[in-house]
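Below are structures written as structure tokens.
Look at the two complexes coming up: subunit A is in both, with subunit B in one and subunit C in the other.
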Partner chain A sequence: MIWDLFLAPFADFGFMRRALLGCVAVAVGATPVGVFLMLRRMSLTGDAMSHAILPGAAIGYLVSGLSLGAMTLGGLIAGMVVALGSGFVARFTTLREDASLAALYLISLALGVLIVSTRGSNVDLMHVLFGTVLALDDASLVLLCSFASLSLLVLALIYRPLVLECADPQFLRSVSKLSAATHFTFLMLVVMNLVAGFHALGTLMAVGIMILPAAAARFWAGGIGTLIAAAAAIAFLSSLSGLLLSFHYSLPSGPAIILVAGVIYTLSLFFGPEGGVIAQTLPRRRFET
Partner chain B sequence: MFSRRSILRSAAAVTALSLPFSGSAWADEPLPVVASFSILGDLVAQVGGEHIALTTLVGADGDAHVYQPTPQDARAVAGAEVLFVNGLEFEGWMERLVESSGFGGMQVVATDGIEAIAFDEHDEHGDEHDGHDDHDDHADHDDHGDEHGHGAHAFEWAGLFDLKAGTYQWSFAKVDGDYADPAMKMVMLAASDIEAVEEAAEGLLEADASDIKMGGDTLIAADMAYALTFDADKDITLFTVEITEDGTYAFFTEHMPFEFEADAHFFKDTSGADVEPIAQEPEGDHHAHGHDDHDDHDDHAEEGHDDHHGHNHGAFDPHAWQSVDNAVIYVNNIAAALAKADPENAAAFEANRAAYVAELEALEAEIEASIGALPAEQRTVVTPHDAFGYFAQSYNIRFEAPQGLSTESEASAADVAKLIEQIREEGINAVFVESITDDRLLKQIANETGAVIGGTLYSDALSGEDGPAATYLDMMRHNVVTLSQALGS
Partner chain C sequence: MSTSVAFKNLTLGYERLPAVQQLDTEIKQGSLTAIVGPNGAGKSTLLKGLTGSLSPIEGHIEVSNLRADDIAYLPQQSEIDRSFPISVLDLVAMGLWREIGAFGQVGRKMRGRVEQAIAAVGLRGFESRAIGSLSGGQIQRALFARLLLQDAELVLLDEPFSAIDMKTMADLIGIIERWHGEGRTVLAVLHDDTTVRSHFPETLMLARELVAHGPTETVLTSENQFRARQMCEACASTPHVCGKSAA
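Now for the complex of A and B:
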């Protein structure tokens, strides 16, 4: 029973094991970044970035076909241009970062759609842009795992200034010149993880596995360390359940994974001990005794 | 791969666009013609040579199934003297384009005279897999035996049709792998109503004398009974019905014609449109005969075949060019049409046709030699787009559509698992990708099952000039080489 439901799909089919490994890589790499995005009140930045990446990947596809390298590079370049551009505008002009980011990603998106349309091919590009976790080949898996490792490494390097920037950006800026560097490095990480996620889940789903587990984890943990651990665990659980649902109930795998994360988020919203709806409405004292 | 022809062709296409759209070509001007898609375009160019100005609507690597015509297309069609289409409901968008463009020339169906393969066992693109399960329900057909003896008539069914002069097609298809009966008698009489000739028909049917007709034969209205014999080797046997004068005709059949319907209506005109009787005996629709399980049939009378979702395919597999024998028919049809539209150059068209048919025959021999060299047990492959029915039939290769995988939506893990199991169970040797579909998933599946990834097969469109399938001949050669490389290893 347990074998059939939970283990047989992975034992019998290599593509399920690959899918799971891909999801674990994305979970490990992207969720810590998602946690920091949330703490810095930049959750929507992730969404904007995913739109900025889409045209880059599309151009990569149009230039050299269905090539992992070209699409990754295209996505990275487009994402970085938008991230750096908006950061630059925010730091050196009066426009704030949210507005400049919105402006740049919209320009990038429009440019991408324009290029795709004028190419006029009958090949359905959306097909290509919605990666599927079921079709991860060796190269994609290597890419996902290296991006995740690199992301964790870089995050460890900028961990202290990043936490400081979350807590008190003004303070960091006043005592250190690392503030801008930290900010840009962090944006790179966002872009990198979104590009990796887009190979596994498709451009639009990638941002889901970054943000939803972080938001759900917020209701279970207080400290940043535990928050990251909880988010990664939730992402892993969502990936596993989503894949199994996709296997047993014939659901598309990407949306299934994100929806499981959504269900966990909704449950956390109500039952989470850290500021969940029920915890908030109950008298404080009962928790303290 | 810049052949002399392809340069001519592109030059011709440019000329077609710049022609004034007067509709009448000067004698020394090339004849403006339009072909619906790249493969047909190549065949037309081979026959027409420098005497035509060809515009191809759906170009290289384009998917003609889901094509959206552009205003330029409408202009090209409006200015054309001859419009070549594949037919068999391949170009679902063409009818509207012809109407809206005000095309006044000659429309030529290139598949005219081809023995079309009915979509029966294999459903379309693997989109519609519920279809497969339905087949079990067809078991009802076995019960037909008890119906056969009813009534005192020598015929089970009579139908009166209002027909224009011309040719029609009467088809008998296998249902569940067998014809409902191996043969049957039929009488065809010019008549104003069924009653008037009922007795005469009965006499003819009961008489021992009858003219034996095999698949492909022509039937005319005559005072005789035809003994129609169905080709057990084919899934469908077709008879041509020749009508010489407009009028009403009564058909008397020994068995219900509906029992021989797999997916398509039994009586069609040359454009593939269903022809329905204006009166029939027994009266009422044929759903009373246990055919309710054929869900397709419900829409036949009103709508044609729109119920085949996905890609506007009709009852027949339209990818007829995948057999070289059929390509010869295409070329003959094209040459005949061009000669009719431009009699002055008829000799040139005929010379081109003969030369090209010789090339096609050489190709056919080549294909048979290289496929014949393949081991008999290694002839099953999977392709994502079910376009190789004719190829399969002509050259004895089994093509399986991937079970459950749709090109329209994102795959689920269950679909992929189903396909992998299919490959393992059915001993499939190679998985092919196609020029117009995303192949990442298939590559992954091939990796997992140990089936060979066979490269790209071109099915519905030629590649660009520099690609491996720039012309029809190149395309067929490329496909055969690709197949034999994958299967021979």
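Now for the complex of A and C:
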């Protein structure tokens, strides 16, 4: 029973093992970045940037079909252009960063859909939008795992300035010149993880595995380290359950994974001990030192 | 005594609108100076000029024998994200930035210094608490602990006692007097005349332009305060000259 439900799909089918590995790589790389996005109140920035990647990937597709390298490069370039572009617009015009980001990503999204659908079929469009986690080849897996490793490594390097940039940016600026570099490196990490996620889950769903576990983890953990651990665990659980659901009930796997994460988020919202709905309505016990 | 900070015909402001105008004076090394003046007089702007985050429109600031990291700056409290999950220990330990930088390790000796600084501001036992669970006064104590670790020659404080309790204020004044005793130069923007009179030997009164600067008893007079208010009101009625409203 347990074997059939939980283990057989992975034991019997290579594509399920590949899908799981791909999802774990994306989860491990993206969730820490998602935690910082959430703590910096930039969750919607991540959303906007994930849409912004689409035209880049689409141009890559236009040039060389469903090619891993071309679409990755295109996505990375488009993501960086939008991240820098919105920062530029916010700095040199009266428009705030959120508005300029929204404008840029709407343009990008429309452009991306247009490019893919003029040149390719609807199937291709669905691939780009919702990913192909069940059809990951060796090269894609290597890419996903390398991006996740690189992302963790860079995050470890910029960890201290990044925490300070979030908690007390003015202090960081007063003691060091790393503030701008830290912010830019962090944006690069966001783009990189979104591009990796896009191969597995598609441009529309990639940001889900970044933000939803982080938002759910906020209801369970207090410190940054525990937040990251909890978010990664939730992302792993969502990937595993989502893949199994999609296997047993023939559901599209990307949306299934994100929906499981959504269910965990909703449960956390109510039952989480750190500021969840129930914890907040119960009489509070205070422990003062 | 050598001069620590000299303002030479200094004009500071935002988007070419001056907030501090043609300031010409000197802060002696090792002095303990209060910066006072009406709202909108340019007091906070002057500190931002000193930290280098705001470039002069005209004139310049001469800071002798000091590097950028010899200056510690405590801005008004609102700039910290108190919902960010960082512990008191971690926040205070960042005062060691000059020694540890972005990548250096906090060794056992340094950790001892961090704990000493936390004890010195009366926060022993709060080390692992998240900053979000602290009161306004406790946050200010933690930030003073961080300043202690910064070990700076020139300490700039912007409204350090706004919205904190009397006990905390008394303790923090103790820390400021300790810095003064160690020969550091301290500049603090303050509102409360009583505090200035009883603890700050020097006062610089600002109303965009310099009103007076010298020993507190000669500067903090009712004539000077009346003059400062008038100067600021005059500026507010001619914003094309002086910029931001005085309100």
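The criterion applied here is as follows: the second predicted complex is superposed on the first by the 250 of 289 C-alpha atoms of A that agree within 3 Å, B and C clash if a C-alpha of one lies under 4 Å from a C-alpha of the other, contacts with A are read in each partner's own complex, and residues count from 1 in each chain.
Everything that follows uses one rule, which is that a residue touches a chain if its C-beta (ideal position, glycine included) is under 8 Å from a C-beta of that chain, and two chains touch if they have at least 3 such contacts.
Everything numeric in this text was worked out from a predicted model, so none of it was measured.
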Subunit C versus subunit B on the shared subunit A, clash or fit after superposition: fit
In the overlaid three-chain picture, which partner chain does A:Pro255 touch, first (subunit B) or second (subunit C), both, or neither? first
In the superposed arrangement, which partner chain does A:Phe270 touch: subunit B (first), subunit C (second), both, or neither? neither
One more residue to check, A:Leu243. First (subunit B), second (subunit C), both or neither? first
Partner chain(s) touched by A:Asp137 [first = subunit B, second = subunit C, both, neither]: first
Return first, second, both or neither, reflecting whether A:Phe6 touches subunit B, subunit C, both chains, or no partner chain. neither
Please tell me which partner, subunit B or subunit C, touches more residues of subunit A. B
Working from the superposed arrangement, determine the closest approach of subunit B to subunit C, counting only CA atoms, in whole Å. 39
Flag every residue of subunit A that touches subunit C in the complex, lowest number first. 39, 157-158, 160-161, 163-164, 166-171, 173-176, 178, 222-224, 227, 289
Taking the touch rule as given, give the residues of subunit C at its contact with subunit A in the complex, in rising order. 51, 53, 69, 71-73, 75, 79-81, 84-87, 90-91, 94, 97-98, 101-103, 125-126, 129-131, 146, 150
Contact residues on subunit A for subunit B in the complex? 9, 12-16, 18-19, 66, 121-124, 127-128, 130-132, 134-137, 202, 243, 246-256
In the complex of these two chains, what residues of subunit B are touching subunit A? 58, 61-63, 66-67, 404, 407, 409-417, 420, 436, 438-441, 443-445, 447-448
